[in-house]
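Same chain, two partners: subunit A is paired with subunit B first, then with subunit C.
Moving on, here comes the complex of A and B:
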């Protein structure tokens, strides 16, 4: 019962948040709806039994990305950046005209078909599981995988992040006259 | 997810009667039990938050040789109820140019972020809502909602003071999350797990089994954690987001009535939660001395009292610090975080991991007295 409830609420939050991001005309509100959608995705991960990934989702997106987005929106004009379009196509702020919409539709169709093709093999080989009230722990398995099998990718990504950090510090530091 | 309220109750006989009463529907019964205990814990913590405002005023009065609240109820104890009634009946004012949706959302988001952390707080070995495998990590992650709320409160008010307070609050909370998380990581290494059950279970016995006395690095990590936690909850000397001498009241300048009350309540409960986490991670939490292990209900009560005593003592220290130290400047705040606390936290983390390898995970006490 917990799982069905959790799944229903998370799915509702994810979908309604995502739709609200598209529909709203205020970019600050869009950030908050995105936050709701991302929390919903964390709930979906929890439903799948991936507790660590769920918490990491909240940690990274709520604590980091959304706050950074709000900072960026405020530094670039905040709520003055509001769409004034009246028709349906111009509802989403600065998304272009009907040609860009047509191209976008075609591209998303191609992506959809590719993804369905990719996922179908996984779905066929792994039949749907039903979970009880127990959350299986994934922390130990994830730790072993990260440190043993995927240690190279793990270390390389940390070097990449360090590079980004040093680059940001270089750009932001005050210039000596 | 073990050692929760439900699995603790399920070892008693009356649980079977309850189960029969609910038509053997395990899911429904655990749902009802969770709802009841959530109600108990939230009510309890809201009362603690309310009494926190009373304690704050009374202790500050003692420190400044004043009398403090002493009119409502015995020793002024019911002052917080009177304040609550006052806030409820106040006019709810919203600035004309405010962003209405975000203005209403911000105080609720702050409360949601704080109340969600109560789910993993280990009041005793049986009386905790959930013992998640990612307990500490969940707590750190979900409490960052408060940062968003502080920032939104500042932005939505559309006032310069609120805006500055919100900006300061967000940058402060993001920055101080790093030393706090690194200190928690050091303890996670020592305990070998992120669930509060594992962490508290490792500290059973006399006080020298606590993680704060495990090794010199963990001792330092406690102070890094506590300083960082003070900054994350916007308490003095780090209360720059609501610095009243420069920003009127910071991010909640434009809030009136119960909306202001929500922010204040969220802050006081968050301080309680942070003190509880510090007690559980470093000071043994609810573990009983001498490894007593009869599983009876009075013992649970004893554990609960031990946990609350440690937590409220830390709460006292937080208030004491607030009324003793002057407020920092913004640049001092940032340099303390990035130049002193973060390197210290990294040193503690590396030191703890080296200690585990060199001394095979034994604490100082075990090395001296030749423990198990």
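Moving on, here comes the complex of A and C:
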């Protein structure tokens, strides 16, 4: 019962947050709605028994990526809040216009219908399984997997993060014109 | 209610919304928000399959690496956004027409 409640609330938070990211006109509000959506995904991970992934999701996304996004919005917002459009949909500054919304919604609809066709066969072949409310902790097994089976990817990701750190500092540094 | 199909449907809806955000917004930061939604939909699929189909933890590992790569991508992407703003004084995607300034 608790798991069902957590699942329902997390799914609601995830989907409503994502839809709000799509329709809101203010980019700062979009960042905050993305935050809600990411917390909902962490709740979904918790209902799947992935405790370590859920905590990592909250730490990295909520504590890192969304804060970076808000910093970028604050550093670059300014002139973009001046509208340059004439019609109603394009009235909010740099948030897309009638044509981009039409193309985006059409492509998404085609993709949605294609995948509903694919998922309908999965629904038939995998009937609903029930699990208890108790999950074993996965941290121990994940640690063993990371330093035994996936050690190459683990070490490569540290090199990737170092490269991203140095690259981001290089790209964004102020330089003399 | 909690089955593989429900997780797949949530992940599909998330992917589609992220795709619509990426295609319809004109601000570069908003496009990066759409990319985050798409990456999260993929990671959610990995964990759902790992729970309901394979019964081991390899999907969790994939999901962790997706989070790592998303962090690196967001850092470099936002650095490019800030540099682009220094040059063009806007973050409108239509202004991004040349590679050198």
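By definition in this document, the second predicted complex is superposed on the first by the 115 of 177 C-alpha atoms of A that agree within 3 Å, B and C clash if a C-alpha of one lies under 4 Å from a C-alpha of the other, contacts with A are read in each partner's own complex, and residues count from 1 in each chain.
Just so we're on the same page, a residue touches a chain if its C-beta (ideal position, glycine included) is under 8 Å from a C-beta of that chain, and two chains touch if they have at least 3 such contacts.
Because the structure is predicted, anything quoted here is derived from the model rather than measured.
Once the two complexes are overlaid on the shared chain, A:35 sits against subunit B while remaining clear of subunit C.
Of the two partner chains placed around the shared chain by superposition, subunit C is the only one that A:50 touches, whereas subunit B remains out of contact. Look at A:157: by the touch rule set out above, it reaches subunit C but stays clear of subunit B. When the two complexes are overlaid on their common chain A, residue A:139 makes contact with subunit B while staying clear of subunit C.
When both complexes are overlaid on chain A, the residue A:65 reaches subunit C alone and has no touch with subunit B. The partner that reaches more residues of subunit A, of the two candidates subunit B and subunit C, is C. Common to the subunit B and subunit C interfaces on subunit A are residues 52, 56, 64, 71, 79, 138. In the complex of the two chains, the subunit B residues touching subunit A come out as 1, 26-28, 30-31, 99, 101-102, 105, 132-134, 137-138, 140-142, 144-145, 147-148, 151-152, 155, 170, 174, 177, 193-194.
Contact residues on subunit A toward subunit B in their complex (touch as defined above): 1-2, 26, 28-29, 32, 35, 51-52, 55-56, 58-59, 62-64, 66-67, 70-71, 74, 78-79, 133-135, 137-139.
Only residues 3-4, 7-8, 11, 14-15, 18-19, 21-22, 27, 30-31, 34, 37-38, 41, 44-45, 47-50, 52-53, 56-57, 60-61, 64-65, 68-69, 71-73, 75-76, 79-80, 94-97, 100-101, 103-105, 107-109, 111-112, 115-116, 119, 122-123, 126-129, 138, 141-142, 145-146, 150, 153, 157, 160-161, 163-165, 167-169, 171-172, 174 of subunit A touch subunit C when the two sit together in their complex. The residues of subunit C lying in touch with subunit A in their complex are 1-10, 12-27, 29-30, 32-34, 36-37, 40, 43-44, 47-48, 50-53, 57-58, 60-61, 63-65, 67-76, 78-83, 85-86, 89-92.
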